[in-house]
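Labels A, B, C and D are assigned to the chains in the order they are written; within every chain, residues are numbered from 1.
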Amino acid sequence: MADRVLNVTDLTKRFGGFVALDSVNLHLDKGERLGLIGPNGSGKTTMINCISGSLFNDEGTVEFEGRDITSLPAHKRAHMGIARSFQIPKPFKSMTVLENLCIPLEFAAWDRADHRHISEQAMEILETIKFAERAHENSGSLTQVDMRKLELARALAAKPTLLVSDEAMAGLSSSEVDEILEILLVLNEQGVAVIMIEHIMRAVMRYSERIVVLDAGKKIADGSPDEVMHNPEVERAYLGE
Amino acid sequence: MITLELFLNAVVAGLMLGGFYAAVALGLSITFGQLDIVNIAHPTFVILGSFVAYILNQNFGIDPVLIGVVFMPVFYLIGTTLYRVYYVSFERTGQESLSGLAFFFGLMFIIEVVLILTFGVDYRLVNAAYIGKTLHIGFLDMPFRMLVPAIAATIMTGAVVLYMTKTFMGKAIMAVSQDRLALQLMGADPIKVKRIALGIAIATASLAGALLIIIQPVEPSVGRLYIGRIFAIVVLGGMGSISGTFVAAILIGVVESFIATFYGPSWAPAVGFGILLLTLAIRPQGIFGRA
Amino acid sequence: MKIDKFWLSVLVILIAGFAFTKLADNEFYFFTTYVVLQGLIMAVAWNILGGFTGYVNFGSAGFFAVGVYTTVALNKAFGLPLPVLLLAAGVICGLLGLAAGYLTLRLKGVYFAIATLATALVLETIVNNWKFVGGAAGTYVLQPKGSFIFDNYIELLFMLMLVLAVAATAISRYLSSSRIGQGLAAIRDDEVAAECMGVPTLRLKLISTTAMGALMGIAGAPFPFFVTFVDPVSAFALVIAVNAIAMPMIGGTAVWYGPVIGALLLGAIQETATVTISSELNLLIVGVMLVLFITLAPKGIVGLIQDYKKKKGANNG
Amino acid sequence: MIKKVMSPLRIIAILAMVAVVAFAVPAQSKNLKIGFSMALTGPLAGAGKAALIAMQIWKDDINKKGGLLGRKVDFVFYDDATSPSKVPGIYSKLLNVDKVDLVVSSYGTNEISPAMPIIMRKGLVFMSLFGLAVNDKFNYDRYFQIMPAGPIPKDDWSRGFFNLAMAQSPKPKSIALLAEDADFALSAVAGARRHAKRLGMKIVYDKTFPFGSPDVTSVMRAIKAANADLVYVGSYPGGSVGLVKAANELGLKAKMFGGGMVGLQFAGIQKNLGPMLNGIVNYDFWVPEPTLNFPGVKEFLKKYQAGAKGKGVDPFGHYLPPYAYAYLQVLGDAVTAVGSLDQKKIAAYIHKTTFTTVVGPVKFAKNGEWAKTRTLQVQFRDVKANNIGQFNKPGKRIVLYPSSVKSGSIKYPYKQ
């Protein structure tokens, strides 16, 4: 239990009359790699919005490292060590790549990191993911794959214990997918627990130690990749009635 | 002190005033709601329309409404030209929000000053046979000065609604900001669509200006008084919903008329903007907007 | 080193300003400089929210006017001394700014801009109907007797405005070059991403709107003594709001010295135009300069200089 | 004859002489400079521009007569854009940089007041153009205001309207008051309110409406419903036009309607409103009635009407321009009589003298306002549609008050 990073209990979120998440339970251990899958509209993005604090859930609790964070705003959760990347990259366009990394270093990681040499720290992070050559480029004019890398690098700069990656590979070529996967593995090796939302099954299967499947706001499967793939309910959800 | 007669007359006066407001707000509803272009200079284009109506009415005695309609193509061309500048300078470089706003702010000043340099700041009026006459139905008084603009505005709104719902280009305009995918599937070039939309928006200012100068005397900076009011209408109307804009305009007109009749007219503007602020705070998509 | 240079120039400016009041007997310069400095404070204040944080305030004149009418009301009710009036205007407009800050929770982008415009118009209607401060008819505010260590009241107002302008610039500079400034820039670029990167967006926005409001109120507070007759038309003048936007846009919105450069340049041109050519052209200048700059040099004068330096650097290297 | 070739030396010598002459004339010419700020743009520019034309006519006239104190008169003036915050700067420029010899005011209360502290500090005589009760607050004994409002401006303004009303039988018992939300209109109506209370009238409607309201039909309907004997309105051109039209459209049945409506004095608006104006009793300052044919005014208007062509200002120049001419006439006469620019003596002279001007005899009270009100109450009569020329002739605006310049009697009630 001491190793539990995230514990989500009976999470429910409604939008008007529409129930996006219905009593979902989810847990994650330190350093674990979890794949979160499900058809479109199944509640994956709502789930991670509730975990990262971009949305507040209506019922249930979210615990992080044993602390109840259900009512904490997103930036406080970021300070505690929850980082996320966005499906559609959201770089700070007026800044260079390096400056983008300074924001989480100066805010999310502020309580846990050295206050000096911010730029040097940012550079080190870029080097670990082999992205240093782009450091001084304007972040608004990056290519699609570089934007994704920046998303992850910026999340890494928050010095998280939990990273939530939202479709970091959508629309990328297969070699680019490999590049991103490698970054995620590097992250994980540093002891970061990762929740990966992904449509590219090859990537999910390869990366995840455990997979959770959502359908219509409910958790329908939770287990090893093999177990989940042979779960009849999952097949029905994906293939339809 | 509220008699039925006064009450019904206030309603009718409000309907007519609101109808006219719709004419002024219509163009902004298209630019702001459909194109995401914050054309704060729209009222100034309306004033430009008023001055065109004034010149031709004073020199040739042509009916202002007719002038407003005839000059729509000219204003349409101004609108399409404006979009070219706007596109090249802002949209293409992705700086439309802040810079675009300031651009129209500056444009507003330029047009206004050019009008002042040309016409001076005297109040200008038009003549038409129906101005000063009143239609009496029972105890309802309907001055033609208000009735004619209200009818013309309603027809114009109806025409725009028809265009937007029935024609290919109209549908493309309605899709341009909401649904890029649909637009691509339709095979429409978004830049061309936006150009035409801004053309139409500015064209409505031609008639709206003519209607304005029928109702009240106009000098070049009168337009400023309308900025807040028409933004209120467009936001209330749900940003880009043409029929919503019309209903919101009527609503504001009736509210103003009621306050002017039964309470203190000096509070009328605050009520309009108060409604706007409340709407923004509670339901930013507008009363009639999509959720 | 850089800090020293800034504070050194502040010291030099203040001493020079003070010496100027003692040496120059030409009041004209005090009057015109007052107007330019008033514009400067407004521009710097607008830019804290508009330039740094990315929220456009169309209602600057509303904040300014609340500052003006705070002075009018408190001066009439209690006859308080000027420093107290300044403080009161700052506090009240700061609170107004704070309220505007909470507005940003629900309203983004253009909606926020329109809400500020509407707020200004509601405030104007309220003042129009507030008889105690003269309502729409306006009211006289006589300059107090005595002018501290200065020869006359305009010198006092000039020096006051100079101190306030320097203070506003220093605040803006602090906000932009500190961690707060980094956070504001992140909010401007992407608010959701900023929040998830640990930036306390609401708190920073509240700091930003409060600072803006307070500075605008303080810019308006001495105005009644400057014109001696105040009515809502002049306090809520559109040109105040326009200049507050145009000056930073022309100077450059991204850095603290952008609005300062813009305000000094545009203000100087406007004041010169007033006494040389007609004011119609004066307004035209603002419009044309604004349009030209935002179409051709969207980063303002600061951006032009940076580009020029870059080009020069590239040529040399 | 022998061709004389100019040697280079001679050219240089001539140039040098030209230069010496040029520099010998001091940069500060000997001309007498009158400085002022004027609303040439912004909301009051229509009046400001018309005033400027009138002032320049005075300048030409006086210079033809050899100027003031033997010096040619020059104007130094700047546009204040109807913006009070520009005014202090302009006057300090006039006094400190341009070093003008005399100052006069801009047009309107808002543009006059901001200049007062500077003028007072320098102790200058300040002739002012159409400020309403500015000196109530400043109490400056060298301030003189040319608008013939009277010694108690705010009350004298509407005194005529009420004197007329009370002379009718049956006496009016009730009144509706309406003001547009800005300084002059509110002051005028405040005066009317005091008169109404003094006379024991029942005030059945008393409201203000926002400046520049697009439609005032609803307001007029509420007033009509209040069914008052008198309707006193203070309004600006936009509002005045709307109210007159609405009163006609709705058939207002008051016995007297009008009072302090700005705009009905201007030819362009008169032409547009045409017969709708008939019967309205409104204030004015000068109309082409024989009783107001003061010496010089005809000649002045001829020059004005020639100068106003194509300038976008009022073509006839009835209301304001004669006063813009007269306030300089007063100053010029006083300077000539005193024989110097001694401000104290000039002020003393203006205080004790009755001046003969194009607007008739002018005598100032202690507070710098006219010693006796001559705010006219005129009634529109026999106005035909779409004819601007009719307003340049007598018979369309009958002067009812004051009795000294009365040119006809009232038609009461105002519409049958």
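Assume a contact is a pair of C-beta atoms (placed from the backbone, for glycine too) under 8 Å apart; a residue touches a chain by one contact, two chains touch by 3 or more.
Keep in mind that what you see is a predicted model, and the values were worked out from it rather than measured.
Hopping across touching chains, the smallest step count from subunit A to subunit C is 1. Shared contacts of subunit A and subunit B, meaning chains that touch the two of them, come down to C.
Each chain's centre was taken as the mean of its CA atoms, and the one lying most distant from subunit D is A. Work out the mean CA point of subunit B and of subunit C, and you get 32 Å between them.
One simple way to say how far apart two chains are is to compare their mean CA positions; for subunit A and subunit D this gives 74 Å. Inter-chain centre distance (subunit C to subunit D, centres taken as mean C-alpha positions): 36 Å.
Counting partners per residue, subunit D has 41-43, 181, 208, 210 as the residues that reach two or more other chains.
Contacts with at least two other chains are made by residues 116, 264, 266, 269 of subunit B. Touching of two or more other chains is recorded for no residue of subunit A. Taken as a graph of touching chains, this assembly fits none of the simple shapes: it is neither a line, a ring, a star nor a complete graph.
Chains touching one another form the pairs A-C, B-C, B-D, C-D.
Interface residues of subunit B facing subunit C in the complex, by the touch rule stated above, are 32, 36, 38, 85, 89-90, 93, 95, 97-99, 101-103, 105-110, 112-114, 116-117, 224, 227-228, 231-232, 235, 264, 266-267, 269-270, 273-274, 276-277, 280-281, 284. Against subunit D, in their complex, subunit C makes its touches with residues 25-28, 30-32, 34-35, 125, 128-129, 135-138, 140, 142-143, 152-154, 223, 226-229, 231, 233-234, 237, 239, 271, 274-275, 278-280, 282-283. Touching subunit D in their complex are the following residues of subunit B: 1, 3, 6, 9-10, 13-14, 17, 20, 116, 119-127, 131-134, 141, 143, 145-146, 212, 215-217, 219, 221-222, 225-226, 256-258, 260-262, 264-266, 268-269. Partner subunit A is touched in their complex by these residues of subunit C: 179, 182-183, 185-186, 188-190, 192-202, 254.
On the subunit D side of its complex with subunit B, the touching residues are 41-43, 45-46, 49, 181, 207-210, 212-219, 221-222, 225, 237-238, 241-242, 245-246, 248-251, 263, 266, 268-269, 272, 276, 311-314, 386.
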